[in-house]
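Take a look at the following structure, please.
Per-chain residue numbering starts at 1, and chain names A, B, C, D and E are given in the order in which the chains are listed.
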């Protein structure tokens, strides 16, 4: 444990050190050092801009991710269980997953305006397909012996879905959620860069337009840190919910 | 070839005349083009242990699943206690060849899972489960997860789960396949204890002739696919002689040899 | 307790006095805090079959892997034909408990894989592989993939692979565990044929006392973890009596009983 | 899916969706959605024009180079991480961070570090694809049946033999799965790169058409992109299915 | 050697005149390549870091703040933007406290809004940002906003199609630059000849265009980036340039001193430049030599 922590620290020192050095050379006018960026981050945190910005950014993100998660898992379940639904809907999600939706953003603006709706929509479109497809795949691949076992002990359909299919599919559903949430973050930032600059996207574009690069990098750093934090929470949730599914390394 | 029951050593007349807990009547089962079972009929007397012996892939698991109501036969029907089987029921419990444990649930939840599905309250079902866990010798492992157990221990969890729902008929698909010889012998003793003390009906699949002869009231030899019953043998009485002596018993050896002679033709 | 070899029925003096192909000297092996083997010494005479019998988890696989050079012992050393083992070598071949077949390769490529790694040309190694495939009775399945085979057939592929490299020492880890009783008996006959016809040394792990007694020149009983050799038994001579009669042989039954008495203490 | 006993091919429902599109387009509900037939006609009109071919060339170039880099670096790194604990502990946190980080936010940094041209677009594309490829290759190696490795060693395999004859093959299902997801992400990456860095390729066409409300043009290019991504993903899925026979049996 | 030009948007009708000038410059021996960036800030960054030679935009903030040695050499277009509103509002004063839709924070429309606030003595309500005049028109037509500031061609378009629903509020004249051509001072001095050819070509096209706007469509190279645009866009070139010339979007003299003074005043007022405009030094922002040479 301490060894892995030490290695984590070491790799962090290497990466941030490289950043600091690159900033000092400097590789470009527009590339600040690590410490400058952290100072800007601290400044933004203490004067409250950062919190206000995240208030804006998190709104579409949280709403969009929540909708995608609930709807995505439900749809995935349905697609996995019904061959008719599978036939009808899975191509749509395959297309959606493959589609470069960044290009669709201008259309969304035209259709849904510049408000929250568009941004939530962007987040959903980015996050949903992978959640749906992963869930459907996992549900389809539930070992038939477990389902048979459930039936032989008199489980009804709801029992089978809730107590066997979902827990069994949970690792893959969670990895779908993980990719989905990360895509949702991409969507949220993309919508703030391409639809209307608000929140963190606004800090990025505005600092760039006034050539305040440390602030720009601080904002980028903070959103990445937030995404990583969010995903770690998701992982904790998975561990708590389905403890027995985590089986450790084969090599250990 | 025909379904002519050749009797072995008849010892417990009471048991032999017992009514049937399960009857399979002219069962056929096709998987697509594969004929697994063809016109198979077989009775399972109440309170007795019936073994199914036959080459790999002959349809033993298929038959068990049809009795359990997990598979529909292509034709024919199964009666349990006089009523036709249309699906799984509380009167039957299954021990699966591949254990079928929930990997995300710990031992006690796995053992209690059958009761959970029947709506038994948590504290009550955990009490019952704990009792059966002790009975199969897993006390102390209640909070372990399946991947932390050895194969034999996992198999015992599946056994405890089937026992805990207190069904009349126990369908056991190679329940001792994953354990070493030493542990297996202990299980056989345990199983005989269950047959003697509880008035339950056991249907038992095994690949070991010796095991079948030792634990069974009745052995059904199955033909290779498409499977029918080739012969029924009733090797009763050895279990009273104790495990240490039975291996030298000439009657025991005769029956093992006869079954072996019957089966070896498929191998060659 | 001590490593005092208690002799069983000594029948082939020539074989008994044979020099040792493999000697393990004071082997200890720890996995972290787990002591698997402790101070184990054991000799494996050339041209004979030695069985390892012991409770599950006692370290049989570990010992085999140390002999194969796949694991380093914590202390002690292994000599094969007088030379200390430092890693895998062409003089030893392994039959894995879990088959270890390449799922993406067909039967002939799997059987020829050992030769492929030794750089034998394709046509030559396929000829050799085809011969061994025939020998284990899999002719006609050369182009099948492992998942298309039954468990017993897969095990025979692993066997053919180990045989095809023509090593002096064959390390077999529960090689017949996955097959049904009927097929298992045929394999035992095949194995005896190999021991009789080729001057190879076999080290054989099994959970079946009967099997060990039937096929072995020498049986090593291992204690539970940390494992040492508890007793060595030399049950020679039964194989000449033929499989059909041996089960009634009182000497055979005595030895089975004695081993059983030795082992059962661990179970209870 | 079977209807009246006839098996419908997997993607045939797209025809149904196409019809729905046509109907919505015809109904004139919104000018954002012209009828599919009009879009297809536009598609044929523009598909041979030099502007389109140039965009296709630029996009394909960035995409192919980016994907090749991601695959060529990602797979060996993933396999090495799966084999070597030290490397794994050093790199894994970063792979996880980059997998989950909103890469769009990183694009401005990339522009500064790697310039504003094709190079940054290629790197964006590769960054979208590489992390999942690494993680999957690593997961594939981690779950390798140890006895396959031991078997190879016991028959005298060299480390190189082991790499090419055991690790690569045994992890292949996971690797391919990772490549498929990675390639799909790369399609997104290349368009995002083209929109956020320098406006070239399909990104430029999208920008131009949407700014001038040429909806049929817009959808036509989108369809081309859908089709490309879809084809690549299906080809990889097909290869995956070809080897799935052993994926579940390792 | 080849000069590298950083465009701030993808080539479309607005850039047609620029590409005509490039063609003329090429005929005189200028070797160039261009890259389109998604916005002005990126073009500025690219020139700042030396990856591009000449860029599009108005880099006043960058010039003053990061003391970057870049100079403007030619004014391409003026900040001709128009407040367009629903019929609710009739003059700028009506917009006091009202929300407005702008292009981006710190951008040209933002500075126009700042100056409107000062000159009309009002304060706008919430400012929301939607990049792209066309997108703001859509928002307006779709009823998602009541007031915005858009460019000349979109103003003309919306008034043609929906003149009954919207007002163009009367506004003061603006002479400041929207887009200007700029480059590193060192680079300019090292490449005097190329820069001269380029500025000559630009000036000649800007002058000819003010005489006859249709020369743009006539001189457009059918195989160039503009010629390859869909016919739907090419068909409107003449109309676009006629409107632009009428609206005074393009200065036939390339800006020069007049534009520089206007810019410094404007951008100080708009908050992008710090300090008193009178104290600012033209030489810190413009490099006049090529333009002066071309005028003679």
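Criterion: contacts are C-beta pairs under 8 Å (C-beta built on N, C-alpha and C of every residue); 3 or more make two chains touch, one makes a residue touch a chain.
Remember, predicted model here, so these are calculated numbers, not experimental data.
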Chains in simultaneous contact with subunit C and subunit D: none
Intersection of contact partners for subunit D and subunit E: A
Two chains joined by the most C-beta pairs in contact, as defined above: A-D
Rounded Å distance, subunit A centre to subunit D centre (Cα mean): 18
Rounded Å distance between subunit A and subunit C, as computed from the means of their C-alpha atoms: 52
Between subunit A and subunit B, centroid-to-centroid distance (C-alpha), Å: 49
Euclidean distance of C-alpha centroids - subunit A vs subunit E, Å: 38
Set of subunit D residues in contact with two or more other chains: 112, 195-196, 207, 210-211
For subunit E, residues contacting two or more additional chains: 45, 49, 132, 135
Inter-chain touch pairs (all): A-B, A-D, A-E, B-C, C-D, D-E
Of all residues in subunit A, those that touch subunit B in their complex: 145-146, 148-155, 159, 163-164, 167-168, 170, 242-245, 247
Sites on subunit B touched by subunit C in the complex: 55-57, 150, 152, 179-183, 185-186, 207-210, 244, 247-248, 250, 253, 256-257, 260, 263-264, 266-268
List of subunit B residues in touch with subunit A within their complex: 65, 68-70, 87-90, 92-94, 96, 98, 100, 102-106, 113-114, 116-118, 145-147, 161, 165
Residue ranges of subunit D in contact with subunit E within the complex: 46, 49-51, 111-112, 115-117, 195-200, 204, 207-214, 217
Residues of subunit A defined as touching subunit E within the complex: 28-30, 106, 109-110, 113-115, 194-198, 202, 205-206, 208-211
